[in-house]
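Take a look at these structures.
Each of the next two complexes has chain A plus one other chain: chain B in the first, chain C in the second.
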Partner chain A sequence: MAVAGAKIKSIGAAQSPLLGFAMFGPAILYILLVIGAPFVLAVFYAFSDARIGSTSLHYVGLENFRSILQSPSFRKALWNSVVFTISAQIIVMVCANILSIALEKKFRGRGLVRFLILLPWVAPVSLGTIGWKWILDSIYSVITWVLIWAHVFKPYSAPMWLGEPKLAMASVILVHCWRLIPFSTVILLAGRTAIPKEIPEAAAIDGAGFWRTLFQINLPMMLPILSVAVLFGTIFTFTDMTVVYILTAGGPYDSTQTLPSLAFATGIQGSDLAAGAAISLFLVPVLVAIAYLMLRVAHRTEVN
Partner chain B sequence: MAVVETRDLTKVFKEGQLGAVNNVNLETREGEFLVFLGPSGSGKTTLLRMIAGLETPTAGEILIGGRVVNNLTPRERRIAMVFQSYALYPHLTVYKNIAFPLKAQSVPKKLHKEKVEWAASLLGIGALLQRKPRELSGGERQRVALARAIVREPSVFLLDEPLSNLDAKLRLSAREELERFHRRVGTTTIYVTHDQVEAMAMGDRIMVLNHGVVRQIGTPKEVYDDPADTFVATFLGSPPMNLIENQDVIVGFRPEHFRLAQEVKDGSKVTFKFRVDNVEYLGAEFILSGCLAGGKADGKKVIARLLLGQSFEVGTIYDFAVPEHHLKFFGRTSEKRVGPRPLTWQ
Partner chain C sequence: MKSLLRRKLGPRIVHVLVLAVFVVLLAFPFYWMVIATFKQNLDLYNVEANPFIFNLKPTLDNLHLLFMETRFVRWLGNTVFVGVLVVAITLLLSIPAAYALARLTGRWGERLGIGIFLTYLVPPTLLFIPLSRVVAILGLQDSLWSLVLVYPSVTVPFSVWLLMGFFKSIPKELEDAAMVDGLTRFGAFVKMVVPISMSGILTVVIFTFTLVTQEFVYALTFISPESNQMVGVGIPIFLVRGDVYFWGSLMAACLIASLPVAFLYNLFLDRFIAGFTVGAVKG
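And then the complex of A and B:
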């Protein structure tokens, strides 16, 4: 590192501002084009009356925000986003913890099991979700089929997994969990293996049982990495629209609508670009808060 | 307080391979400071971990206070252990670290403060209670680890190389402190180390291990003066014992007994011609290494340790001698100690 740094200095000492700009350029360009421009456009649209197919554009002030705040669909979507995110995160954390404990111990075929658990994360979201759409389908659902076969339900009174508001919400949460558990498991596994093995051993000798070691020693020591997993998972669930869009398209009766899917339905499918932009802006404060927390966690771990 | 006993204790990690610990039989004495001494890989830590309950024996029995504890968890064995890395809980303050065993063993909460303060004052860390482990020096961490071990008044103390993470200067003072500490609490203590100086200095008795086999158990004086085999003879002592093959035995003598012939006055002695190849000046003494010249042992490398007083020239041959009663005899194939016998050297 030191040698390389010295070399670059000697070559680029004269034109270092230029070199620095050249190095930063691509990153800045990327951020400006792919993130900055759409964001500015969204803010711009949110205060206008932009429609798909219309060439005129007028400033309308806070009109879009006023109207979406009054819309029951929007309130439902906001509430759903929060409910989906929080409940999925709780389930994911519990399951990922159990899995990471199980996968830490050595056993035959551990590598294969780890690989299989990671699969849902590696597969494209849309493909996995299409698979779940079939699994939960009203006619072809394997789950329903098995339950009927096991005489849990009668054929004509089987549950419609995606057709009843409560079940549809549960299904969406389930698919989010299915997708996020591998990711969190891998992060937690890394955190768990980073704990020196003498520490749980010392706890065992000090007389601590499984639960005390878990909650008073292991989990507190994993706190930084645990919060990284939670924050990432929150972003993934909160901003995701693929799962909802493919599984239920927000239905039945907006019962599974989330902010991103509502923004898409209103802005693109419903041609009301301005309202769609305004809805999606409601994601910003939450994401800013998460980004702030993440940076703080990163900073704390760096300092320690 | 209790006595620790093992009966034919064996640990084999991989089937078909040589055991890490093989048929170890030992019995501590009440309140004794017993040291497990051996090179790395000798099985001393595995043995300690089996006594602690962190490792399951492949065969044999472990008894603590006369009770077989093979199937008991570490917490049920009422032992305390200090790890090489101290294994302090990094997210807890010193106070909470020391109080953890009390909490885990459901000691009534109102007794915690008193007990923690007692343990902390015993080790002189009363002022550090609100700090986190990362804010402590190596020596302070060690004391916290000891305080955490002593706080619930265990029946046996297990210490796994607790001094090896300290620098040389601190190690000496920490060693003395440990000795004082043991004298004060008087708990049966098993101490694992690969450092023979530590073992000699601290141990009431030393158990020398190699390849998972007990080579000798005895007081520091016994293992040093009367080593049971060539391994013990060369492992203890620095520089190690000189070993010379002669007929069907191996003859050993300590470097400090290999002296200028004119200085060896008492009784009968064996004389050698010693060609000095290298002189190390260590302040209080010389370490001379070189070869024997002439006779049966011609060319054998030996080391002498002498107090200051005479200067030696590299390449010169001197008359050296060993008092006969300082010669140790070992079987040539068994490498075990055998009785003295008359030998010719020329």
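And then the complex of A and C:
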């Protein structure tokens, strides 16, 4: 029987290269055409003078990069992208760790609590963000109402949350955190439940308290999963344009513009495809770094 | 007595408190959508009155406006139309690919699989500018077909990855037995593997459909006419006339479009997470 099985396998293997290629070929071809080709085109545009509505196309070398590097709104956008991404990841990691610990224990109503907590992640981003736009409205903001009610501000003297550069930046970070916390929480929860129960228990018997178990056992063991959460979170924040576009449209005075939203404003709304493509190419180094780190995480867990 | 209180009750109170704070912070915008949906405009736009309660009788006016005087229903229809087609294309491309990579091509399969997964990390904000030209050249500008063409590029990589994990967990002997019974390798795949993988395939269906409702950048870039919008763009961009936001109807629309998607996604959550963790968790 074992011999017969081996024979069949070898027949399968002999037939497989062609069949295998026929089965994954279409997917690979599609990905090359719709992801690979546009990427090459983006690089090509970035070295040209392509504009919407113009058919001529010339090679201009590094001219686009030179001019965007000199523009203050590009520098601001680059800075904002970095600030938004890093501060959101820090806040999200702290909150998601706390929340995943709280959700690990079984309790009544856990399913409902999980559903409510997950809402920001599973609802369409643009719609959740418009909900925040109403909460942060310049006149009818509920936050303003509460602060006036608590006598923190006098009526009509409360700040406009989305109208002042510093507050607008804080608002964008807040919405990013709001959206990412559920995602990171469930990822960390998956990591926590995979830790063998005996290890923290043994530590508890040896006299380790809650904090010691957390920092010396649970967190180090969860390092791969923590890095996965941070890497995905970084991509989702760094490359996002929806939150900024809906909440502030990059304003006031470009103070919340990020690389993707500036690329959209320049390339699509401003018809300057070449400059827009050049701006969006600045996302690539970060994406490459993340892909590399992701592979290392995957490889290390594979080896272990 | 006091130490018992500290040891037993203390952690419990902290636990409940932590959960309560997070639930309130995370779910508040949705609660706020519910309130705004049923408020009369006079109540909604009143700076003085307590915004947490209904100062005037609840109303269905906002819903009436949304369904009767906006293109909301049309947008829902557009989203379902694109969603169904993208699900079909995603399944056609990713099921055979995932199976081939899981079974037929050995070590190379693994590498190609990871390569495909990495393309999932390529964001729409990197490609929307060149793709907008491609769409224009193909004559698909302002047409929902542009999204049908492009969205699988977002859904196929992750779906292949999810299904690869799924197919790997099916014992090889199953197909071998089917092949002894005279089926070809492909026949065994269609008649044996696909039927028992239904739950994995369903996960891909939900994931794809959710992504179609969530995507914003391509839909905003490729399509301008009001009647051809997807919900995710139509609601935030076209329920605003000039500078006037119809907040009541806007919030109602957000709620109606979000909840079904949220509910479905929640059902399949654990499977998505297994895909996202890239094998960093051995379940």
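What we mean here is this: the second predicted complex is superposed on the first by the 287 of 304 C-alpha atoms of A that agree within 3 Å, B and C clash if a C-alpha of one lies under 4 Å from a C-alpha of the other, contacts with A are read in each partner's own complex, and residues count from 1 in each chain.
By definition in this document, a contact is a pair of C-beta atoms (placed from the backbone, for glycine too) under 8 Å apart; a residue touches a chain by one contact, two chains touch by 3 or more.
No experiment lies behind these values; they were computed from the predicted model shown.
S.K.: Are chain B and chain C a fit on chain A, or do they clash, once the structures share the same frame?
M.R.: By the criteria stated at the top, chain C and chain B fit after superposition, with no clash.
S.K.: Is A:Ala208 touching anything from chain B or chain C once the two structures are fitted on A? First, second, both or neither.
M.R.: The answer is first: A:Ala208 touches chain B but not chain C.
S.K.: Looking at chain A, does chain C or chain B touch more of its residues?
M.R.: C
S.K.: By the touch definition at the top of the document, which applies to A:Tyr253: first (chain B), second (chain C), both, or neither?
M.R.: In the superposed model, A:Tyr253 contacts neither chain B nor chain C.
S.K.: For the combined three-chain view, what is the angle at the C-alpha centre of chain A formed with the C-alpha centres of chain B and chain C, to the nearest 10°?
M.R.: Between the chain B and chain C centres, as viewed from chain A, the angle is 80 degrees.
S.K.: Where does A:Val228 make contact in the superposed view: on chain B (first), on chain C (second), on both, or on neither?
M.R.: second
S.K.: Would you check which partner chain A:Pro120 touches, where first means chain B only, second means chain C only, and both and neither mean what they say?
M.R.: second
S.K.: Touch check for A:Pro196: first (chain B), second (chain C), both, or neither?
M.R.: first
S.K.: Just to confirm the value: shortest Cα separation between chain B and chain C in the superposed three-chain model, in whole Å.
M.R.: So the smallest C-alpha gap separating chain B from chain C comes to 7 Å.
S.K.: Chain C touches which residues of chain A in the complex?
M.R.: For this pair, the touching residues of chain A are 4-5, 8-9, 12, 15-17, 19-24, 26-28, 30-31, 34-35, 37-39, 41-42, 45, 50, 95, 98-99, 102-103, 105, 107, 113-120, 122-132, 134-135, 137, 139-140, 142, 145, 155, 178, 181-182, 186-187, 190-191, 194, 224-225, 227-228, 232, 235, 239-242, 245-246, 259-260, 263-264, 267-268, 273, 276-277, 280-281, 283-284, 287, 290-291, 294-295, 297-298, 301-302.
S.K.: Along chain B, where are the residues that touch chain A in the complex?
M.R.: Residues in contact with chain A: 52-54, 73-75, 79-81, 83-85, 87, 89-91, 100-101, 103-105, 134, 148, 152.
S.K.: Enumerate the contact residues on chain A facing chain B in the complex.
M.R.: 196, 198-199, 201-209, 212, 216-217, 220-221, 223, 304
S.K.: Spell out the residues on chain C that touch chain A in their complex, using ranges where they run on.
M.R.: 15, 18-19, 22-23, 25-30, 32-33, 36, 44-45, 47, 50-52, 92-94, 96-97, 99-101, 103-105, 109, 112, 114, 116, 118-119, 121-134, 149-150, 152-153, 156-157, 160, 172-173, 176, 179-180, 185-186, 210, 213-214, 216-217, 220-221, 231-233, 235-236, 245, 247, 250-251, 253-254, 257-259, 261-263, 265-266, 269-270, 273-274, 276-283
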